[in-house]
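Look at the two complexes coming up: chain A is in both, with chain B in one and chain C in the other.
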Partner chain A sequence: MRKFVKENWIAMIPYVMFVIMVIVMGALNTNTLSLRYIANKSDAAFSLILVAAGQTLVLLTGGFDLSVGGVICITNCLAASRMQDSVGSMLLWAGICLAVGVGTGLFNGYVIERTKLQPFIVTLATQYVCYGIALFIMKVDGGNVPAAYINALLHRFGPLPLSMFLIVLLVAAWMIFKNTKPGLHIYAIGSSEGAARLNGISIMKTRLLAYGLSGAFAALAGLFRTAQVASGSPTAGADFVMISISAAVIGGTALSGGSGGMVGTVVGALVLRTIGDLLVFMKVSSYWSSLVQGVLLILAVAASSYGTLLKRRGGGAA
Partner chain B sequence: MKAGSFVKKNFSVFMTFVIALLLLVFISVLRPGYANVNNLRVLSITASFLGLTAMGQMTAILTGGMDLSIPWMFTIAAFLTGNLTQGGNEKLFFAVPVILLVGVLMGAFNGIGIAYVGIAPVIMTMASNIIFQGLLVGITGGTPGGTAPQALKDFANGSLGGVSTMLLFWIAISVAFYVMIARSPYGRRLYAIGNNDTVALFSGINVKLMRTSAYMVCGFFAALAGILFSGRVSQLYLGMGDPYQMQSVSAVAIGGVSLLGGSGSYIGTVAGVLVLVMLDGVLSALGFAQSVQKIIYGVVLMLAVLLSSRKQKGRR
Partner chain C sequence: MKEVVVVEPGKVEIREVPVPEISSEDEVLIQMKAAGVCGSDHHIYHGSNPCSTYPRIPGHENAGIVVKTGKNVTNVKEGDHVIVDLLSSCGECYQCRAGRKNVCEHVRVRGSGADGGWREYFTAPALSLYGVIRASGDIRLRGKKVTLRSPKESIRNGIALVPEERGIQGLILSESIRYNISLPVLKKISNPFQVSPKKEHAVVDQYMEALQIKAESREMAASNLSGGNQQKVVMAKILAMEPEIFLMYDITRGVDVGTKKEMFTMVRDFAREGRPVVFFSTDVEELVKVCDRVIVMYDGKAGADLRGDALTKENIVGASIGNPVEVKTYGEEGEQE
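And now, the complex of A and B:
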């Protein structure tokens, strides 16, 4: 047990952080330990968890996806303005949104692999295009979301929300996926593209898979946000871009690619969504909340990068 | 060097200038009379501010990093200008050095986190950006505590012999920056650590210190631009620096500077700045809806970067 802790303490940072936060919150306000509260928070964090999960796949390949914000804007606007009350219409537009996300992701992946341009710039460009398209669909905030759609996605099984089951499902799916061939390929091209190529891995296919899934997850996040906020906004996604990267990084995924995973990301997203509430309970003025978020992000990352540094020195390798 | 071979060697930079020029011609044809002295002066002022921030961004990018904290270093400098001078011209003499120092210190914070602690540049500067935001909003409550002095307003909006003073200032600073980047030992070391920091380390460069200094330079330019921008606007507001985050990265990338570090020229960055400003000018002159503007902006950004990186790929 002690050996396990010694070897894995870096990976445990986000979990410890989250547990401490929950304990402090529970001590400050016992209401936060009720199932009702947790159910609400699960719904509130779920969109971020979805985007960050997709972002993680891209970060693992050593890339970046800034266009997730744009995809969320488009899907949020489409769902809020076009969906009708019938089940068929809901499924149709959900499918279209998913297609938009996958399409954007595949485009990113193809352009990055084909032109060898930096993912940062390519996805920044697609982000602008997506923001533009979202403004085409809806000029101002608003829209009309069918009540049945909201009820379906925010459905409660007793006290437990649908989103909580979906989080568990996501983690379970990830556990299986990361040991499949495509999952390993994603890690491989992030660790060393050259070595991956020599081992016969198709870089193009793997990149398309990672960016395509990232787009798909962003689309799902947009769809869920539509139900959660019950309206659409052409600027809804802008807030998700940087915070999705933060969530993955706090969860232990390295920007250099090849290490990390989705479970950490889920916890990272929960940490980020909990900070705000924690500050409210600690009666800190909301003016200071971004400061605390930034400090926390640096501390989490500093601890893990410092730990990696120590490990390297101990190992003696460069 | 013959003109022909010079153009050939710097083809991508040359093409970027051509794009900027074409955009200008494009405006003049579609909106005759738009390219008049007044509008060009406004465009030149816009370009100068973007140019100043792009210098800092380029320094960070040359080392293989990136500085996403420019927006709030910029805004803090602008707010400090208002607070420290309270509109008094003579107070600028002590306020400007103090604010520039604050900028350098904020940059040092980034640099230390990146070089000595080992945090990835994007994460470090993204975090410091919201830390700076929190500091400013927390301390001031979000309301500016003063206005910029008249002298600064005259400088930022005025012109000298028909040319805007900001443009002249940008050109003067550009010359100094060009010498620093392309002709001095400091510049050579920047390229060296961007290319390969292990090799740089073994050739006796203090890599960590150099990397930190690059972010300090970036903080300096962000603060400089912020001070001047406080004179440009009638009222200070939060988020005044926001556009410069991605625009500065875009300008540097369009100019053919590799985001991996270690290659690219300042002349290219100037061309990148001009392309972005002209593009903005064209889009607003044509009166497109916001949606169409954003779409065209994204497409042009991608094509411009593609064009300017083409030559590099061939050489590699």
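And now, the complex of A and C:
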């Protein structure tokens, strides 16, 4: 146990931070330990968790996906403007939204691998294209979301929200996926593309997988957000781009690729979505929350690069 | 054929003209494949290039294929891919006769002082061409021709490579020995859903033991190993793939003497098992010690094919500077002295 802590303390920072946060919040306001509060937070953080989960896969390959915001805009607008109050229509449009997400992701992955352009630039470009398409679908905020759709996604099983089960499902799926062949390939091309290629790994396939999944997760986030806010907005996604990267990085995923994981990302997203509340309970103005998020981000990046440095020097963290 | 002419500054014409004929037996007719557009071409177009005269066909950076050669031409042949020298020289002045064509008294630059390559065909002296070496031939495995477009396809055909740079091509240094060995064989050690830790550990332990990799545990990061042990991990990884053919690129670079010896034994064992090893090395003694047959490349060709008694240090070094091989026979004992 001691050895484990010694070797992995840097990877444990986000979890420890989260636990401390929960304890402090519970001490300041016992209501935060109620199922009701936790259920609300679970719903509030779920969209971000989804986007950040997809973003994590791309970051692990050593890339970036800025187009997630655009995908959220399109899917949010499509769902809010086209869905009719029938199960068939809901499933159809949810399917179309998912296809849009996957399609955008595959496009990103293909262009990046084929042209060897910077992922940052390619996905920035697709982001703008997506913003533009979203404006074709809906010129202004509004739309109409069927009540049945909202009730289904925000459903509570007793006190527990659907989103909480889905988060557990996501984490479980990730625990399996990261030890499968495609999962390990994603890590490998992020660690060393050259070595991965010589190991017989298809870089193109792996990239398509990572970006395709990222697009799919962004589409799911857009669909969930639609239920949450019960309307559509052609600018809904812009807020998600950078914060999804922050969530992954605070959760311990390295921007250089090859190290990190989705569990940390889930925690990172939860931290980012509850920091505002914590400040309120601490009687600090919530205007400070952005500043605190920034500081957290710097600390997380500093910790991970310190960790890499220690690893390179050949010693464990003392 | 078509050609692009800057008739005077600011005026470009595309003209239809007949294909040129070679005017002397030292000339070559080239079909243009590509020509660069550079800053000088803009100056020529704008009339701000002091060396340019008009009308002019631009194009200094020219590449094409030889389609016809004069009788005296020996350095290139039809079908060769060539680059045309930027400079055209007179061939008669003192400097040219001394072989210093670049300081010819009448040197002219193709594309500004002389016509360049923005046309479908043009003629040039054969000596102003540089051949482009193109890899040719085919790869046969067990007598069957194969095309290998990626490392993945090679691996599928049973070929394994120990690459030149073990630190960046062979290993993912930040990861553990276990990770590195199992990465290429994930399929083999996977259950339907996941990689099976049991199968993985079995494979990793098997090869760590076979190669006597000295490490605290299989979880040790590859970056913490010595050069020799790192190279052993690369070998372990490749053995785990169970290949039929080995390509080895300078496997003993930065490896200690003891490990070197172990590796030579291993290579010999492969050969004895009938598994071919293609072994590249820059160390002549190593080649003599390890190989059954050595091919020495010289001037773009396989200069010598040495086996048996002809396989000596002297012959390898000699062949590498173009000397003929002294002992031609091989495998027939007592015949040569």
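Everything below uses one rule, namely that the second predicted complex is superposed on the first by the 312 of 318 C-alpha atoms of A that agree within 3 Å, B and C clash if a C-alpha of one lies under 4 Å from a C-alpha of the other, contacts with A are read in each partner's own complex, and residues count from 1 in each chain.
Methods note: a contact is a pair of C-beta atoms (placed from the backbone, for glycine too) under 8 Å apart; a residue touches a chain by one contact, two chains touch by 3 or more.
Remember, it's a predicted structure, so these values are computed and weren't measured experimentally.
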Task: Go through the superposed model and pick first if A:162 touches only chain B, second if only chain C, both, or neither.
output: neither
Message: Contact-wise, after the overlay, does A:192 reach chain B, chain C, both or neither (first, second, both, neither)?
response: second
Task: Identify the partner contact of A:181: answer first if only chain B is touched, second if only chain C is, both if each is, neither if none is.
output: second
- request: Pick one for A:131: touches chain B only (first), chain C only (second), both, or neither.
  value: first
- request: Examine A:202 and indicate which partner it touches, taking first as chain B and second as chain C; both and neither are also allowed.
  value: second
- prompt: Is A:258 contacted by the first partner chain B, the second partner chain C, both or neither?
  reply: second
Field: More chain A residues in contact - chain B or chain C
entry: B
Message: One more residue to check, A:59. First (chain B), second (chain C), both or neither?
response: neither
- request: Residue by residue on chain A, keep only those touching chain B in one complex and chain C in the other, then list them.
  value: 308
Field: Residues of chain A that touch chain B when the two form their complex
entry: 64, 111, 115-118, 120-122, 124-136, 139, 242, 245-246, 249, 254-256, 285, 287-295, 297-298, 301-302, 305-306, 308-309, 318
Field: chain A contact footprint on chain B (complex, rising order)
entry: 66, 113, 117-120, 122-124, 126-131, 133-135, 137-138, 141-142, 198, 246, 249-250, 253, 258-260, 289-299, 301-302, 305-306, 309, 313
Task: Within their complex, state which residues of chain C touch chain A.
output: 150-152, 154-156, 161, 163, 168-175, 179, 183-184, 186-187, 190, 193-195, 221, 223-224, 237
- prompt: Along chain A, where are the residues that touch chain C in the complex?
  reply: 176, 179-181, 184-185, 188, 191-192, 194-202, 258-259, 308, 311-312, 314
